[in-house]
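Here the structure is laid out as structure tokens; the discussion comes afterwards.
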């Protein structure tokens, strides 16, 4: 039913070519690694590692597709979106140590890349499916951060990105999604802009990690 | 696709006029306040306050719309349903103290009003979309209490309404939804009845708060 | 919209006759008992017992139907799927002791039967709705274990099936769903096969309980 729309989204975003799909799946891979590593740290067994890898990698996109009525979600119709996180889970299962030490920085970098890509594709898809402007921004953010929130809920942690010591994560995604939606509504959207915004979100996130940027804490009110 | 149905629901409920939509958004506002306050109490930063405000205010209605296949959910197509809880989150962020002290009773009162309104609109919408009678009652209850449950899950608390010291919350919603569904199935439904039931749910909840009514605890069985 | 598809699924699975529907509802009943018992152990009141019973019994099937776009989910259109877990919740509420002592083994056996049945019906329904092969297996597993995971999330526990001391639970469901999907794709699927696979999943789970079979824990990596 949504195939013509989907084709329109693909055409509009230019994100369905081999190059961009590869980039998307790289983001899925490293989101899956972050989920698997949390499961290892929590002492879960095989099923826990696989489940947290899948949920972290695919949760944001699945929530996005459910909200838009685009069922079955991409993750369940395009088999690569399941194979890639399953491979990530297998690698983490047999060799999680390097990811926790030497590979910590690459994992954070690719997670930041996934954040930017998912914020862009989520807000574009939501715009094409008729969400309101604010709704499309929110769906872009949910696409980018929803998997990580589900990961933390299943691991019985409060979501990491709500922690006062966390570095900017949802805010760069929101900024990127806002740029995309404004451009979309003013017919300024293009594949080039999509890449530029994804890179911008990535850069803000990496800078936040590097220089310790945090989002503000609640004020004390009228006391 | 669902627009004619939606129009039928609106016509049937009489809940889409300016007055009732305002009442609905007032409920959204105070649900959002309760979510933001929990985030403040948990020590979350800005993103956590915004996320818990949005989830508490909109979670019940989003689950209802997903279950009914009414996508995208109202919260993502009618922009007021996002702006109002975002404003609530901003107010809580800069001035949460008065809500915790002087304004505690008003927050509870408006939360009770939201409970009644959401139980009514949820069970009416579910009936119009062809849920079974018991299913429509359950969807009414989920609309009313689902946001609060998601709020507690994201804050890593057991749901407050399951606590043995909690005052009646889901039960008045279930009673109200049952009255609505019985009336709907016997062609006795009207906008006047909707208001009366919402007021009744509100009154039971407020009485439960005032006089400490609790729901029963499990019995000891055959020992 | 999905009614012809649903009829095809029913015809293909042969799982809609009186006998099989009864078996399915027996699984729902004992899943509901396991949810209610966890609520009792957590010290929740009436609403908590009812909510955990419903979520455990119906959560997996509801997630399955949402992912497939089959709304409203069966649980909200076929009233028996709500009445049965509500009866289970009522029984647990007034007489939970025998389920915790004398009836513990029967509860585990029927839970294992539900696991096998839901893995089969979930993967068949997903195949008929056009999920990828791996996606259909995953939806089968989610149908079987999703209710239990939601139960644990609402009770604020890490999911029991991720615990390193848990006995095989998701893995037999995954094996069963894989057999079903392979058969479906090669036109070897039949009602007899469905029953055989459900029995096989049941047998592996019961053997895992009896002889303490666990799934592997993460390896130590390259240290």
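First chain written, first letter: the chains are A, B and C, and each begins at residue 1.
Methods note: contacts are C-beta pairs under 8 Å (C-beta built on N, C-alpha and C of every residue); 3 or more make two chains touch, one makes a residue touch a chain.
These figures come from a predicted structure and were not determined experimentally.
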Subunit A and subunit B share contacts with C
If I superpose subunit B onto subunit C using their CA atoms, what angle of rotation comes out, to the nearest 5 degrees?
120
In terms of residue numbering, is the interface formed by subunit A and subunit C classified as same (over half shared) or different (under half shared)?
different
Centre-of-Cα separation between subunit C and subunit A, whole angstrom:
29
By residue number and range, which residues of subunit C touch two or more other chains?
66, 69, 153, 156
Over in the complex, which subunit A residues touch subunit B? Could you list them?
66-69, 126, 129-136, 138-139, 149, 153, 156-159, 161-164, 166, 169-171, 214-223
Subunit A-touching residues of subunit B, taken from the complex the two chains share:
39-40, 42-49, 51, 54, 62, 66, 69, 71-73, 75-79, 82-83, 86, 92-98, 153-156
